[in-house]
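The same subunit A turns up in both complexes below, where it pairs with subunit B and then with subunit C.
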Partner chain A sequence: MFEARLTQSAIFKKVLDAIKDLLNEASFDCSESGIQLQAMDNSHVSLVSLTLKSDGFDKYRCDRNLTMGMNLASMSKIFKCSSNDDTVTIKAQDDADTVTFMFEAKKQDKISDYEMKLMNLDQEHLGIPETEFSCVIKMPSGEFARIVKDLSQFGESIVISCTKEGVKFSTSGDIGSANVKIAQTSNFDKEEECVSIDMQEPVTLTFACQYLNSFTKATPLTPVVQLSMSDNVPLVVEYQIPDLGHLRYYLAPKIEEDEN
Partner chain B sequence: MGILNLSKLLADIAPQALKEHELKTYFGRKVAIDASMCLYQFLIAVRTEGNQLTSADGETTSHLLGTFYRTIRLIENGIKPVYVFDGKPPQMKSGELNKRHEKRVEAQKALEKATEAGDVGEIDKFNKRLVKVTKLHSEEVKKLLKMMGVPYVDAPCEAEAQCAALVKAGKVYAAATEDMDALTFGSKVLLRHLTFSEARKMPIQEIHLDKVLEGLEVTQNEFIDLCILLGCDYTDSIRGIGPKRGLELIRKHKSIENILESIDTEKYPVPENWNFKGARELFQEPDIADAENIEMTWGEPDEDAMVKFLCEEKNFSEERVRNGCKKLLKAKGGSVQGRLDGFFTVLSTTPAKRKVEDKKNTPNKRGKGTKGRGRGPK
Partner chain C sequence: MSTSLYCNPLGHFLSKTGPQFKPETRKVKRSLFGPIDHVSSQKFLEEELERIRTTQSEKWNFDFQHEVPLSQRGGFQWKSVAPIKIKPRKRPINDFEGQDLYAIPDDVIRPTPIRFMQEKEEVTSSQKSHQNSKPQRLITDFMPVKKRSSSDCSKKIASIERPSKLPRLSELSS
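This part shows the complex of A and B:
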């Protein structure tokens, strides 16, 4: 028996919105410690890693580990049928072929049940090594989304270069080039508006706009985003989900082509 | 022609070995293409109103047109192709080649008949059967590839075997051919439909050898014997033993020698002087060039040379050739998107249980077997 209950169905909505651009379907691995999802997009360029800890739920019960393959578009349809402040309960039998979402309205006496067929998915699980990153940037998530959106108009890829002074996002394309520089801020009153850079070594990497734009769909989850970079390893874009866990995106950089 | 009915057998017995992907998911991959196979495809498929395309003096140009456009399409999708050309056919293939020759003679006769009768459909059908890739075709394509900056390899013998060797040596990701015997030669990954026309919207079929062996529950050597039983290019097979029966026998007896001892040769007549050992040897130790020493470089296209060759000699449209060149240059320039699986290692794969019957028979599988499955970062 699996059961997980959350008073705010809005959080699930936001999580789904944040991953359904990249993934059509995904396996949710449920265990005693919580719900995990790890999946690469079709082209194997980016990876989504979602962790929802069991103690963040209002009620959580998982008697036996189970993996539920779900079509994210269908799941999203179901959650669209709920109000943001509905309480959601996700239920599944141990060997079930379906999962049930139950929404309870706060104000009125209304309970809706949605049962969805599960899928058998073919999935590759990747081992992600723990890395010490050369640069870790924390910045307002809205600001990051804005920069990525703005620069995407001018080119297909964005160069992110991080030095002690600040972070520079740049791109160039047919009409010209664009640069956005942001410096570290020392305003510690509001952590949410602060830009902080923890740098061991300067790093410059190039990434495809298309994926960065998909990542910023997670912006409504939390006001702060963390970017971690090292030379020649994938970028990690992390959004904390308050009290519940985190959503991480990994993105393979674009590589300068060598002669062979 | 590859291995008779192998792809059907795999679809039935080991469906997890077959995957379908879109072309664009192969960016950044190096792929060895069986050139003879794809030239043949071009000669058959690239036609207008049933006729091959020709230059002003009546020479066929279908193979050049096909090579030009489809190679550009691969490169535009970020794939790095290397073409592998057939060398001398092995001695043992002569039987098969004779058969093909006979068929060709027959087709020629039928064509003459059809022409007399004026049956357009029949003429077209037999015309296609008469298609043969000649040395001249290969030479012209090699010349074009060189101008396009695309490497090619001359195999000493069978191209599929050489492609497989390149995959085994880690020089390329996969062998691209329609012939299933690339697997018998030990290619870890086989791609089918890679050089098909875009208009056919055919997804690329990816076949992994390890999954094939796992699914069929045989070793590579047993697999080779199985392929010989199914029917390969090098020798005859036993009449009356089809794919299912063949697989059963191999699983039980492990080798053709043991099978021959146990089956009723009255019922299943073994071909005279059946040289299955020779065929097996060909698959195990094919005549190939040492893949380690093969250098492949993807260079810049030589636009002027291409215009001279394709437009002046072969009557291609200059505008199209120059456009194609631009595409090649564009794909060449700048940076290439890295693949995430190049950075992280695949810990485990959870295969999907595709068959509906499977689901009915084993409804209790879900949720078990989470042991050893990779979790995300903590």
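This part shows the complex of A and C:
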């Protein structure tokens, strides 16, 4: 028997919106410690890793480890049927091939049940190596989304270079080139608005705009985003889900042509 | 009197047709020309075939048995048309006559279209893309593919319930 209850279905809605761009379906691994999801996008360029801790739920029960393969578009459809302040309960029997989403409205006596068929997905699981990153940048998530959106108009890929002075996002295309530089902020009054750079070594890497744009769909989850970079290692874009866990995106860099 | 006398034997005759006619419908002798000498007829056939072969070979200046021209100075110039088969096709035993008249699908030589125009386009487009962007690496280049350890138990349960979806060979072997 698996049961997880969350007073705000809005969080789940936001998580779904953040991953359904990249993934069509995904396996939710449920265990005593919480719900985990790890999946690559179709082109195997990026990886989505979601962790929802059991402590963050209002009620959590998982008698036996359970993997639920779900179609994210269908799941998103179901969650669209709920209001943001509805309480959601996810239920599944140990041996069932369906999952039930129950929404309870706060103000009125209204309970909606949605049962969804599970899928038997055979997805590859990747071992994410522990990496000491050369650069860790914390910045407002809205700012990051804005930069990526703006620059993707000019070119297919964005070069992110991190130095002591700050972070530079640049691109070039048919129209011309574009550069956005942001420096580390000195006042720490508002943590949500500050830019902090923890740098061991300067790093410059190139990434495809398309994926970065998909990552920024997670912006509504949290006001701060963390970018971790090292030379010749995938970029990590991390969004903390308050009290519940985190959503991490890994993106393989584009390599210099000279190497081949 | 006479009629009655005539009628009676006829009626008697007709009533006994069944058993009486049987010995008269004995099989006709098939051997019209005496016993067959198989050896001599075979010899005759071979001689006849050999005669046809040699006369035709002389006529066309071609050894039909070995499929080669007899001499270079002949009036005909022979060229092989079909591709040379390395392995002769094994035919079924109950080979029916005239099978050679029908084309075997593999023997049909179809013209192959050459799309040189498209190839040209592809080359130019790939050159363009190479000029504009760097090649994209895959996430699997950096992270090793592992087995889903946490889901193994649940997968086994699923496979028991639904026999149509059997566990993979790789899972079974390890």
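One rule holds in what follows: the second predicted complex is superposed on the first by the 257 of 260 C-alpha atoms of A that agree within 3 Å, B and C clash if a C-alpha of one lies under 4 Å from a C-alpha of the other, contacts with A are read in each partner's own complex, and residues count from 1 in each chain.
The rule is simple: a contact is a pair of C-beta atoms (placed from the backbone, for glycine too) under 8 Å apart; a residue touches a chain by one contact, two chains touch by 3 or more.
Computed from a predicted structure; not experimentally measured.
Superimposing the complexes on subunit A yields a three-chain arrangement in which subunit B and subunit C clash.
Looking at the shared chain after the overlay, A:216 reaches neither subunit B nor subunit C. In the superposition on chain A, contact is made by A:37 with subunit B only, not with subunit C. Once the two complexes are laid over each other on the shared chain, residue contacts for A:208 go to subunit B and to subunit C alike. Once chain A of one complex is fitted onto chain A of the other, the partner contacts of A:157 extend to both subunit B and subunit C. Residue contacts after overlaying the shared chain place A:82 against neither subunit B nor subunit C.
By the touch criterion defined above, A:46 reaches both subunit B and subunit C. Of the two partner chains, subunit B is the only one touched by A:130; subunit C is not. Legend: residue contacts after superposition of the two complexes on their common chain; A:228 is shown touching neither subunit B nor subunit C. Once the two structures are superposed, subunit B and subunit C can be ranked by residues of subunit A touched, with B on top. Contact with neither subunit B nor subunit C is seen for A:141 once the two complexes are overlaid on the shared chain.
None of the stretches 132-140, 240-248, 276-284 or 330-338 of subunit B clash with subunit C in the superposition except 330-338.
Comparing the two complexes, residues 27, 29, 31, 36, 40, 43-47, 64-67, 94-95, 97, 120, 122-129, 157, 206, 208, 233-234, 250-257, 260 of subunit A contact subunit B in one case and subunit C in the other. In the complex of the two chains, the subunit B residues touching subunit A come out as 16, 19, 22, 24-25, 27, 296-298, 332, 334-354, 359, 363-364, 366-367, 370, 373-378. Residues 27, 29, 31, 36-38, 40, 42-47, 49-51, 64-67, 69, 94-97, 118-130, 157, 206, 208, 233-234, 248, 250-257, 259-260 of subunit A are the ones touching subunit B in the complex. Chain contact summary for the complex, subunit A toward subunit C: residues 27, 29, 31, 36, 40, 43-47, 64-67, 94-95, 97, 120, 122-129, 156-157, 206, 208, 233-234, 250-257, 260. Residues 130, 132-151, 153-155, 157-158, 161-162, 165, 168 of subunit C touch subunit A in their complex.
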